[in-house]
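Starting off with a structure, shown below.
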């Protein structure tokens, strides 16, 4: 689906996790089956909005992610639609075995919310900067995964997760990030969205990197290149057709993610590309190193997760495309 | 084994929806049949666990034929009680109880762990009707039961929830997360049953990683603790009744059992945790259990 | 703050290798300095945790200046005792204790959570000399200490091992796996300290997920339990001595503390778990602690 | 490194995990720092050989994988070289958070042994068939990963893991598998081995699939194609040069692994290929589904993990190479 996005000079900043918190409240009003669980992180995950409105359907589990995941499974087995929330590092790692065996193998209708994904988490440092989630969740059968790019998309992704029958993992960040979509921007579970057309190469991004990709596109345009921008908010199931068309039509791809390079968005796209339309790719990501403390902006710069890094990767891939 | 044990009326009685309240003698009969099923299916599959399933056979029979309010033909019956074996490896006893109670034909037991059967090595919600949540990774089941109990609380549903755990399994930290949760929320619809057979894969639980004093642990996590003789049907029924009547805390029944109970050469020997009897050993076992492979496998295949 | 508090002799005394055995008055002085460090570094960083670090300040000071046999200038000194904060989020008190004891310059505290500092938001073995194992994901530290204790046992090394845990952290199952292990192997070289400040992020531990009766839990897992007044230096020293003398079981000190202790407007308020004081709030706090930001940041930057 | 392997008609069958168990004993004799931990699975992981010889350096942890991982970290911090063993499903998932934070972020010298990897585990079924290990471990910084192909290579991999300073994850299987290497076959940590030269395409495999690849090569030879076979026993760090040369020189790649397709060996190779030498690839793997009970042979057939499946993939990739 295409929804051409053009960014204003000054973009509104808002937290993705707030989109999650707001959506839960709306879901709670529409559907009595919605139950929310949290592991002693009500405000950071913004489930406190839901907790205030629906105390009877809110479950405080304390600091016990494994148990929380199993409780959600039991609730789902009884027909509830449970969302459990904690930091992504603990949702994806501390509860990995419970997600695999109890949730995914049973194919239960559990929604997992991983807050604080990516290096932009900032001062808390490496332990709290979840950057392995995509690799872990992608590898588990029956799991699906959404990585929305801003406040509105996180809101929609949360609604879509509730509507989808089966386990879903939602990844979002900590900081205010540019709002690039609007209430009206289309969102389809399982499909990527073309946010800008282009013919020379394709930038495929998820999460906050979608904004950086759109900015990179502007710079590339100035340099005479037309870059297609795809917002791949659904990491699993992956939108093969969209990726294959982009590879065939533009002949070069740059992926951008706030995640480890091994097995993440770049890896997922590479797997599709080599099986259908092998083209040169560059992967903008965290290159197999742990995060650290610092201001989010400092870290995005230091870890090479900026528009300028996407531009550099784009020029490299365009060069590779030419000399092939 | 008496022929009428398989009469239409007998099947009807065993498969009847709702809570059965069979007398002790009849439960003992059924427990014997369950042990025969276990040995027979293991002899056929030549893969799977013997020890734990046999130690669970008596309280398992009491649970399915005297305690649970279920409709085997309609596993998702809204009124149902919920049961869950957190020790997923005891599938021989789980499947035997399910088949004897009517969830699926007894003949399916003869495809235990087979490529073309639904009776997987570990309980699979994907494959077996009546298995609501998969298991096989130890320590996860009590959390699931917490969730089922919380759902019942939200819906003001009278459902009771039963979770069978192992004694070695008590070493998993998730058990204690779940225990703390149930204690905190006073989930008295929840009843845990620990198959305290004193053994795990590598040997005696006490020497591998001592879990004692187990009753004090559970009490300190806010549970009502009910010790019982796990192979004494009357005492097992007493324990279930005590759990059912207790208000204000979840209850846990510590069932003192013997690994491999019912087969003399398996009894109290941890080396039988995870292996099946060879066909000739199975014959010996079935003889002790008052039947033989031909007769009992025929019974299974006929229903 | 007395000027000689920073004399060369004072530094030498505080940084001396081996086990220090400071008198109570001196420990109280140091604990006060630690609280000043905590507020000052948080005021500078404007990110990080206030509540837990302040509740750990007194027993933390006793641990570093009266109990631990360490050589700050030589963090890998083979003779060293091992200390570990399983509650990685209390880095302000960890780094203050480390710097006051001489692991690294006090000025490094002014780079807390900064891009160009080594004092990471959570303890990082990769960045900070003296941090031997990283932390930040709750519940993992006691297992690490089990490993250190087992290594000492294998090597017949007299090393003692200290693990600081939180009360909310007790909700993590891994704590109970580790507790069971230490009890089973009777690791009496191991001493746990629980910062029982009765609060966690979302509120009171008792209402979030009750961990009581905590002493009975630990006893039932095979530990020697030592309750103490966590802000009474004499009682803290008594508790450490009792742990050191006890044989045959690991010991756990349940330190009854107050989150935010030492700063009136933070005390006993869970909302101070994870946020720093604003500069003006820090001034108020430092005033209560007998100094001011200018003076104390100068002290830190000068060493 | 090249070590041309030609298979006899009848190949000796042996358990990979036995190579692990034997190597531990030899290591124990050579190095007093070796300590072995197990989570109530002494015989299945074959650490019982070590336990009998070195009871003072053997630690029975019981059924507590999280604790076991942390204990290993503590031992490593004190200069020991701990190996902890359990089934791969529990090593990689139940202890994922402990591996990430305590072991990998601290970069401690912990060796993790995951037994029972792959669908060939057989009758135990899905929960015990670890097929997400490569994706999970690859994504964690500082981790390295070895997937040896047979008894001898597992022996060597275990020795190499002990010699390597830093965390290592070893993956091996349950069943007897063909012994394709010998005591003399070279093994270098971090390097792939060319087991057979070829120019038309390259088969890259790990674990038991190396045998299937060598058999596939024979069939392809009969059909007039020369296939290079690479045994990529080290999944991380990955041998980029070897892969890039193979891509450039043969122009087509088929990967083969007993693992989920998302983020596994195929994904790792695809990531390298798109960044350096985009060529057509086919991925022989488990296609995002859980395992099931059955005889190992039945399952290898049913899940398409046989030489014939590699041959089919090879013919497909050769066709794609031709029409490019």
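All chains are identified by letter, namely A, B, C and D, in their written order; residue positions are counted from 1 within each chain.
The criterion applied here is as follows: a contact is a pair of C-beta atoms (placed from the backbone, for glycine too) under 8 Å apart; a residue touches a chain by one contact, two chains touch by 3 or more.
A quick note: this is a predicted structure, and the numbers were derived from the prediction, not measured.
Engineer: With chain centres set to the mean of the C-alpha atoms, which chain is at the far end from subunit B?
Structural biologist: If we average the C-alpha coordinates per chain, C ends up farthest from subunit B.
Engineer: Cα centroid separation between subunit A and subunit B, in whole Å?
Structural biologist: 42
Engineer: When the centre of a chain is set as the mean of its C-alpha atoms, what distance in Å lies between subunit B and subunit D?
Structural biologist: From the centre of subunit B to the centre of subunit D is 37 Å.
Engineer: So which stretches of subunit A touch two or more other chains?
Structural biologist: Residues 61-62, 64, 66-67, 89-90, 93-94, 97, 100-101, 105, 126-127, 290.
Engineer: Can you pull out the residues of subunit B that are in contact with at least two other chains?
Structural biologist: In subunit B, the residues touching two or more other chains are 124, 126, 134-137, 139, 171-174, 177, 180-181, 184, 209.
Engineer: Report the topology of the inter-chain touch graph, choosing from line, ring, star, complete and other.
Structural biologist: complete
Engineer: Touching subunit A in the complex: which residues of subunit D?
Structural biologist: Residues 89-90, 92-94, 96-97, 99-101, 104-105, 126-127, 131-132, 134-136, 138-142, 236, 253, 260-264, 266-268, 270-271, 273-275, 278-283, 288-290.
Engineer: Name, in rising order, each residue of subunit B that touches subunit C in their complex.
Structural biologist: Residues 139, 171-177, 180-181, 183-184, 209-211, 213, 216-217, 219-222 of subunit B touch subunit C in their complex.
Engineer: So in the complex, which bits of subunit B are touching subunit A?
Structural biologist: By the definition above, subunit B touches subunit A via 82, 124-126, 132-137, 139-152, 154-155, 173-174, 177-178, 180-181, 184.
Engineer: In the complex formed with subunit C, which residues of subunit D make contact?
Structural biologist: Residues of subunit D touching subunit C: 35, 56-57, 59, 61-62, 64, 66-80, 82, 97-98, 100-102, 105-108.
Engineer: Please name which positions on subunit D make contact with subunit B in the complex.
Structural biologist: 38, 40-44, 60-64, 66-67, 89-90, 93-94, 122-128, 290, 292-295, 298-299, 302
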